[in-house]
Amino acid sequence: MDILELIQSNLLTPIILFFLFGIIAARIKSDLKIPEAISEFLPIYLLAAIGLHGGIEMRNTGFENMLIPMFVAIGLSLLFTLNHYQILRRLGKFNIFDSYALASTYGAVGAVHFSVGLSFLKNQGVSSEGYLAAILAVLEPLAFIMAIFMTNMAVSKQNKTKQQSLGDTSSEMDLGLNQSKVKISKVLRESITGKAIVILLGSIVIGYIIGEEGFQSIKIVFDDLFTGAIVIFMIEMGIIAGQRLDDIKKVGIFLTTFAVLIPTFNGIIGVLISTAIGLSLGGAVMFGLLLASASFIAAPAVLRHAIPQAKPSLYITSALGITFPYNIIVTLPILFTISSFLHNGDGTINLLSIFINN
Amino acid sequence: MKLYETKLLTIICEILAQENILDILKKHQISGYTKYEVDGDGDRGLRGQGLKTEKNIKFEIIMNENKLQDVIEEISRTLFANYAIVLHVTDIGVLRPEKF
Amino acid sequence: MDILELIQSNLLTPIILFFLFGIIAARIKSDLKIPEAISEFLPIYLLAAIGLHGGIEMRNTGFENMLIPMFVAIGLSLLFTLNHYQILRRLGKFNIFDSYALASTYGAVGAVHFSVGLSFLKNQGVSSEGYLAAILAVLEPLAFIMAIFMTNMAVSKQNKTKQQSLGDTSSEMDLGLNQSKVKISKVLRESITGKAIVILLGSIVIGYIIGEEGFQSIKIVFDDLFTGAIVIFMIEMGIIAGQRLDDIKKVGIFLTTFAVLIPTFNGIIGVLISTAIGLSLGGAVMFGLLLASASFIAAPAVLRHAIPQAKPSLYITSALGITFPYNIIVTLPILFTISSFLHNGDGTINLLSIFINN
Amino acid sequence: MKLYETKLLTIICEILAQENILDILKKHQISGYTKYEVDGDGDRGLRGQGLKTEKNIKFEIIMNENKLQDVIEEISRTLFANYAIVLHVTDIGVLRPEKF
Amino acid sequence: MKLYETKLLTIICEILAQENILDILKKHQISGYTKYEVDGDGDRGLRGQGLKTEKNIKFEIIMNENKLQDVIEEISRTLFANYAIVLHVTDIGVLRPEKF
Amino acid sequence: MDILELIQSNLLTPIILFFLFGIIAARIKSDLKIPEAISEFLPIYLLAAIGLHGGIEMRNTGFENMLIPMFVAIGLSLLFTLNHYQILRRLGKFNIFDSYALASTYGAVGAVHFSVGLSFLKNQGVSSEGYLAAILAVLEPLAFIMAIFMTNMAVSKQNKTKQQSLGDTSSEMDLGLNQSKVKISKVLRESITGKAIVILLGSIVIGYIIGEEGFQSIKIVFDDLFTGAIVIFMIEMGIIAGQRLDDIKKVGIFLTTFAVLIPTFNGIIGVLISTAIGLSLGGAVMFGLLLASASFIAAPAVLRHAIPQAKPSLYITSALGITFPYNIIVTLPILFTISSFLHNGDGTINLLSIFINN
């Protein structure tokens, strides 16, 4: 199957179709809505399921070999975030706040992406390394923390320059800047105790402890219902994306291009490097997808507090309205094709060694 | 029964400003308040649909007049610029003024 | 099994029993309640499941042969609505507003009826034509639109007569009447973008696209859990019906009789005609049930806006408190018995040709 | 800080009148309001149990006095007959009167 | 339109006192009220997290002045000791005073 | 497997692990929360599942032999409640209100305990008598009713003494006391129409009517999903318990000891006696667990109204924060080991006859 065929067949899965359906429902201004309690509960459920699955896999396969992928993922995530910032600030001419907010939104990872990816692989009959759920948990807060740290640094510098030139120390703006500087420890704390990470890490540990056998009694809830639950969640995601579609005009041509090219680029790099360090076909796809993903659930919650000067209409709309559909419809099949080629094609080793030697 | 005159401060703000409001109340030693989620519309557009982070929260705080001035001064200084906030003050009567 | 036995065995299914249980819980003033988020979500889920099921069946069997049943259903639905109006206005002496509201409540169709019907057939091991879900979607707003249209017409006429006799054009009542006249396009729009129709049509299309195979990954959620989900919903429906039981006095003897005889009549006609145009045993039961059903979820939402002068205590109470339980307990087995007789009895063709020749 | 006198209009109505209220506000160029779901009891019986369409909604709108008269006039004329509605007006103080 | 002066009684109490409040209203022949769930903080600590029974409820009752005195007298006498309750009274204007 | 091993393996089941996880999440002040609608719905679902299960079992095995266990349970429950009161009032020096509140909290039974017990037995491949669900329903309000009755009696007596000595009849306190005296019929009524009992009894009856066969269509929802649903509920229970952990200081050393020893004692007595009257291995465990359990969902709702003078921080914290985790982690394996020994050990009969002869 070539990429186009795979994209087409992926397009016709319930997950994608119900997402598109949600967008249409919102566009025709239907009053369809998944009740709030359900759409708040579903991410918790999805993360618990991802975590249990990952923990059980880690028990089966061990997690000694998880350290290298973990550090590579951390390194890439930080590198990419810096790269995004440079592109947005220099080429895109965004102000410093929007640049950092967007850079970290695309440097961060999305659990919904991850769920869709797992379900996609299940459909293809391909498995992936369990420890990727742990990498998801670690990457979650990483890009935000760095972006906030960098914003603080940049702000202090500006601040100092201003003070020197003005000699005035108690301006209101100053006050605001000092306030934002202390926030980093709070953000760090809140990220780590944030519900997403807590339920994900907790479920990984529990999955690891109970193993395949202990999982049997809850398998139907946390495994068999998984794809159906994603489908229901995708309706709501589609509706929210659809409601924001009007905002895309505000996003502009530069950011739209960014929101498509960057995930593709990050994802492909992710597949290549993870293949090189030994991940399986499915593992490389998930690794690439993690790096390709943008955060649209955590981002608004964290950034609105941490960088309140940045415009949410930019970072939420581009991540949820452009990148997410693009990734699950187009990027995912691309990454799968590349990974299949690298793992099954005869030229794999050669190709990789060439790539690495360069 | 005698009703003692005091003030009710009502604050409607986006949910993200919630912690800041609570911090300000604490700082001014105000330990009592009532709060609940609301929807709304205003200069910053419709709120209350979609994501949880896009909801409004409404605070109601009974307090005596001298604290009131400091609290609204601090809120307007530190939060008005960055958050969607609307506040208003009502004269009310209470039974146990020492409680507030 | 004769009708009585079938009624009895149907009475003892979880769906009916939990509905009766809900009524009892409400009557003894228990504080039992299904949380709102759940009871808002369940109809969405049920409609999605119905739609997917219908779409998949349509893919299997094609939908060319759906046109005739569709038009017959539309015709019967309109005819029945007019018939209800005449009966209610002339025999029942209801005012024009209540007459139209009730006429359309009984001309419209109910998705909960449909769910119970599907589950009943599943229990009997009988299948039905997938396109019936599409007919459900089309019939949903039909009776309302006609009733509102007719009400507007009637009101304008009255209006004109009054103006001629009074020569006064700016009275407040007049204003109200003019207002209600413009509403029809809005009602039409809102009906079509209403969540019930949107999710139902969307799921039919998605079911048609994904087919049996694409459905596998979500089958457990959207098929295996179906009857259990209905059971939970029936508890809440029972509670609401029970809370309204006191209002039945207000409904009066005429409307009570209407609420029982009309569905029986409409349903039997439905089975006969649909058998004549070639529907299967199960399909004829569902077709009859559609025509027998009264709307009690859509009706309050639409009519309260569109004909605010009508009394909700009449149309909600009779539809939910009388017709719904009567239909699922009595009408459904009757329709099934008739349809079985028509389809399996040796005299089928003869009987039908006699019926048609008359 | 100086508080400017203005009015708070509170409307409690069955949820089905919601659109009509919003239309009236729009017509009078009022773009800000806060709303939330409430339960209640009154002449038309208990509300808030059962179906979603049987809930009450409460609007709170800060507005200046001249608009107020027109709005309550229109609400009472067009909606009082057909819907369960209760409204009342309170004197309040706000910081930025130009916002309302 | 003329607004008639009347009173708005607001009661915030733990949900367990709800029935008692409703009983008192009934006893005083008050058939109209609005209520909704709120969270809050006060002398008896944070409320609104955790178990349903630990929530607060807020009542708003429009009533004329003579009933008001009896109602708040009875609430303070019978409920203040055992339940977390805060109440306050506001002057409001309504259109149809005979309704309350 | 000896007790310690069993405790250890029980500790490592998803139910216990997710409960502990919830506690940790609350302690690190995570914002993790199961939405209210879900955590309100889950007990209703669990009780419906318990009831259906019990009803079906009763149909299989008859319920004539349920009378003796029922009366024994009632007798023990009342006896234990009185015993608790004596211990708390005399040894613990609690005031009369707290003593009665606590005595009934531990005399009452907990449906969550029961769910966990059922799931534990399922895991061990052991079944239990269906009529235990009916005993659960009967015991639920019993201890409360007695405690409230006793409190009223005690209060009237005090009252009379005071009046005689003061000669004053219209004091405010007096008014309060008279009020509390009339409450008993209301409490009785509310207990019996309370949602827990209503859904439980309703489901038992429905389960009995539909039997194994009628259950098939809803088995997946009300049986297969059971343990997974408990797991989700346990997260929330853990969070609530964790939030209350600070209050444990207020509970004091006496009540903490009480909260551990009493359930162990009551539970063991329960296993011994129920074995003696002929319950099966699993039935005796459930019987013991019922008597060992403390109520933490019904208790706050009932007692706060009925004995408002008692401190909720005592009875909720000890029941949910101490007894519940202790029971599902320690008591349950203990009871299972004892019951296994009694039922399988060769000395069973002898041991029992010795016990009874004493």
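Going in written order, the chains are labelled A, B, C, D, E and F, and every chain counts its residues from 1.
The criterion applied here is as follows: a contact is a pair of C-beta atoms (placed from the backbone, for glycine too) under 8 Å apart; a residue touches a chain by one contact, two chains touch by 3 or more.
This one's a predicted model, so the numbers in the text were calculated from it and none came from an experiment.
Graph distance from subunit D to subunit E, where chains that touch are one step apart, equals 1.
Counting hops only between chains that touch, subunit C reaches subunit D in a minimum of 1. Looking at A-B and A-F side by side, the one with more C-beta contacts is A-F.
Centre-to-centre spacing of subunit B and subunit F amounts to 42 Å, using the average Cα coordinate of each chain. The distance from the centre of subunit D to the centre of subunit F, with each centre set as the mean of the Cα atoms, comes to 47 Å. Touching of two or more other chains is recorded for residues 36, 90-91 of subunit E.
Within subunit A, the positions touching two or more other chains are listed as 35-38, 40, 220. In terms of which chains touch, the assembly is arranged in some other way, matching none of the line, ring, star or all-to-all patterns. Pairwise, the chains that touch each other are A-B, A-C, A-F, B-D, B-E, C-D, C-F, D-E, E-F.
Residues 12-14, 17-18, 21, 24-25, 28-38, 119, 122-123, 220, 224-225, 227-229, 231-232 of subunit F touch subunit A in their complex. Subunit C makes touch with subunit D in their complex at residues 36, 40, 172, 175-176, 179, 239-240, 243, 297, 300-301, 304-305, 308-309.
Within the complex formed with subunit E, the subunit B residues making contact are 1, 3, 6, 8, 31-36, 62, 90-95, 99. On the side of subunit D, the complex with subunit E involves touching residues 10, 12, 36-43, 56, 58, 69, 72-73, 76, 86-91.
Only residues 35-38, 40-41, 44-45, 193-195, 198-199, 202, 205-206, 209-210, 214-215, 217-218, 220-222 of subunit C touch subunit A when the two sit together in their complex.
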